[in-house]
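Listed below are the structures to be examined.
Across the two complexes that follow, chain A remains constant while its partner is chain B and subsequently chain C.
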Partner chain A sequence: MNLDNSPLNATVSAEVDSTTVGILAVLGCILRREWLVALRNPGQWVNPLLFFVVVVSLFPLGVGPSPSTLASIAPGVLWVSSLLAVLLSLGTLFDADYADGTLEQLVLSGQSLPLIVLAKVLMHWLLSGLPLLLVSPLLAVLLNLPVGAIPVLMLSLLLGTLALSLIGAIGAALTVGLNQSGVLLSLLVLPLSVPVLIFGSSAVAAAASDLGSSGQLMILAAVLLLALALAPLTAALALRIGVSGSS
Partner chain B sequence: MFKWIHRFGSAPFVYRFAGFLGPWIGGLCLIMLVVGLYLGLVVAPADYEQGESYRIIYVHVPAAILSMFVYVVMAVASAVFLIWRMKLADVVAQASAPIGASFTFLALVTGSLWGKPMWGTWWIWDGRLTSEVLLLFLYFGYMALRSAIEHPQSAARAAAVLAVVGVVNIPIIHYSVEWWSTLHQPATITKIGKPSIHPSMAVPLFMMVIGFQLLYAYVLLLRIRIGILHREARAAWVAKLPEVNSV
Partner chain C sequence: MLEVKGLTVWRGDNVLLNDISFCLDIGSVLQIQGANGSGKTTLLRIICGVGLADEGDVYWHGTPIHRNRDQFNDALLYLGHKAGIKGGLTAIENLRIFCTLSGRTKNKQTDLAIESALDGLSLLSKAHIACRHLSAGQQRRVSLARLLLQTAQLWVLDEPLTSLDKAGLSWVETQIAKQVARGGSVLLTTHAPLNIDTVEVGTLELG
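Now for the complex of A and B:
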């Protein structure tokens, strides 16, 4: 059944439109709700962080403890691990809301769905991307990354994990409500996240060998801006498809 | 104009038209491939630098061209399906995905076989090779998403969104991978340049590219007919078809 065209939806959106809820009010409302949900369900943001720390600590065990080897693979290891951690946490972006029907209500609310998606992704990033950013200096030191490269690492992770959250939101929206969506989500999103991975890790590698990394960081920022503009629209379209097909 | 579009949206017409066109295209394809292979493998001279092993070009280059061409066809068909809800466009996109994945796989395997005698290795993480692998992953993602969603209408629309997102990303992925490999590997292995190719080699190559295009068209027509029969299995006109009744 296509919910978008149902008469019920038309009346609901007409009522909401007549009260003219402002964009900022919607944004604030969604952000506050996501914040409360996350506080009451700490696993949602603690698990990706633990995953990141565990994966990074496995690498020295796998490739050997030689400091020079670790230093040379550190940018790639930190970036691949944070990419996987972001992907892991994205599985929960829409699924809980889908399961309890909140997502359907959001789609039906008559408010701009791309805006709602953007608010959800931003709060999701604050709770799962930002902690990665904050522990990354510690892990960088464990991997013997030169200290001078740490600011670039954090800046590249700031731009990159936000872009990855936005790109991953498209995948999460496409796989909403599916069984085993985690594996499928990785298959869909990993090829799309290659540019972020390449420029993120090469920025860190350049900084580690005392080369300029502003070029890579600017491209990362460009990818982020492109994702910021297009990903919420695409994810909203995908969510409408997912919600309309379920009933 | 609109009448014409309407006719091409009608399943029985397309089914018969594809059935009529199929043998002609198949025959033309067979002629092109046989003549092209004869000219390429027997008539054309051996390369003075690469000897006989360059002849794999007559399979490798057409497969690589088609791997990208098919994805573009798939993405355009998906966009047409999303915008105008034209069901036939979805049939085309769905039918194209496995064909494109096969061409991509063929291009990778022949490239690897060619790389062993020429570059001395089965595989290098060269820009072109890497983007071809990522293209294969995009095809797999499309097919996996399609088969994961049970509701056929949502599966079609979600997969169409993914195909369009993929085609926006392909140039970004391609250039980032090119820059990445030039950042990391300063020409240790100089790529085989494009010398002005002699007509005795260019003509068979051109014929093989046309032959592969026709092969794609032929297989596509077959798969479109199957796709239409799947979708319209309960329609009255299908029940009246002689080939259905004879089984």
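Now for the complex of A and C:
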């Protein structure tokens, strides 16, 4: 090994100045990081999707194949299953970073922590929420949901799963570093996600009975905007506490 | 420039750190010594602002660090007990993330700097292997490569020599000497005696 690398070091030092990189560069950097980590650890995004598919497809076997029964429970089943699938995938949001020490590096990086949280949640949603959304029409047909309600189902899932990912991030940040935090996470997050579940499934049910569902969708959108504004800040604060609680 | 005043930490009914005070001036090295469990890591985490003290405060250029966190974070390079690298990413990917987060724009120069840092640590041939497949010492080296990629006034190194070989040890000593030569300071814990000719290493005994 070349120990006397002073010229190298001198050039390195000269190149580094304290120019702050832009918000977009940080956002892109974290998105790319999460993408690569997930790509090399497929269980992270395949598990929630499989869970969703398996749970929904068990219902026709459990409650009987009668088309009218299935159609009437379809909105609730699809929504409860996607809520649970999102929650299932949330446990890993910050825990891996906590375990390998990169979380404290992120906290100490001097970059905006809410921004980093937002980037992580976005990539988490792209990998766990979006696949649910894409596979939902297939499962809706399986449950005999009227075809006309499928666009509303997808739109409600788009707004709803994104909101759930953001709300869940608060719970994941609060429980970071705790062992076996799954149950606690559910207890923390479920009460907050109930409005999303209620308005999401009622939007689909209304569309299935040929009623207007724009009211429910607008409330879902409002919940999403509220979560988008507050969840990254709250989760970032919780992460700072979580990181400093351990030693 | 770094001043620690009256840090006290309780763990249940026992006092872990009792009224620790010291100053770290420009261009000085302080080695914190103490038995296992004497609170070395706890002390370093509090100084970096990722741990909480029951009493006392840490000052950076006269201001408490929690009031001046942005400026302090810019001036700080913390190498923790955990390596702080993602096992699923390669050394180059890990260091690129570190560079962006520490404020270097992503360009050719940054990539060259990363490559030469890895070269100096004889890791260039392993640069495209996921870090989880590297040995413990090689992972430590990836983590140490950050010392070359950011000019921080204050280095806080928690057991930087863990699982390093002799060549790695003298590499770290060389880097500490360079950091002192350019007016930076180093605060570290290690059980191995440091042997740097040009630098006087202060010590602080805990416990």
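In this section, the second predicted complex is superposed on the first by the 230 of 247 C-alpha atoms of A that agree within 3 Å, B and C clash if a C-alpha of one lies under 4 Å from a C-alpha of the other, contacts with A are read in each partner's own complex, and residues count from 1 in each chain.
One rule holds for everything that comes next: a residue touches a chain if its C-beta (ideal position, glycine included) is under 8 Å from a C-beta of that chain, and two chains touch if they have at least 3 such contacts.
This structure is a prediction, so every number in the text was calculated from the model and none was measured.
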item: Contact breadth on chain A, by residue count: chain C or chain B; value: C
item: First, second, both or neither for A:T175, with chain B first and chain C second; value: first
item: First, second, both or neither for A:L36, with chain B first and chain C second; value: second
item: Touched partner set for A:S244, first chain B, second chain C, both or neither; value: both
item: On chain A, positions contacted by chain B and by chain C; value: 244-245
item: Chain A residues touching chain B - in the complex, by the definition given at the top; value: 170, 174-175, 178-181, 184, 187-188, 190-192, 194-195, 198-199, 202, 219, 223, 230, 234, 237-238, 241-242, 244-246
item: Residue numbers on chain B that touch chain A, as the complex places them; value: 134, 137-138, 140-141, 144-145, 148-149, 151, 153-155, 157-158, 161-162, 165-166, 168-169, 172-173, 176-177, 179-180, 183-184
item: Contact set on chain C toward chain A in their complex; value: 41-42, 45, 48-52, 70, 73-74, 76, 78, 80-89, 93, 96-98, 100-106, 109-110, 113, 116-117, 119-122, 130, 148-151, 167, 170-171, 174, 178, 182
item: Complex contacts: residues of chain A adjacent to chain C; value: 1-6, 8-9, 12-13, 15-16, 18-21, 25-26, 29-30, 33, 36-37, 40-41, 99-102, 104-111, 243-245, 247
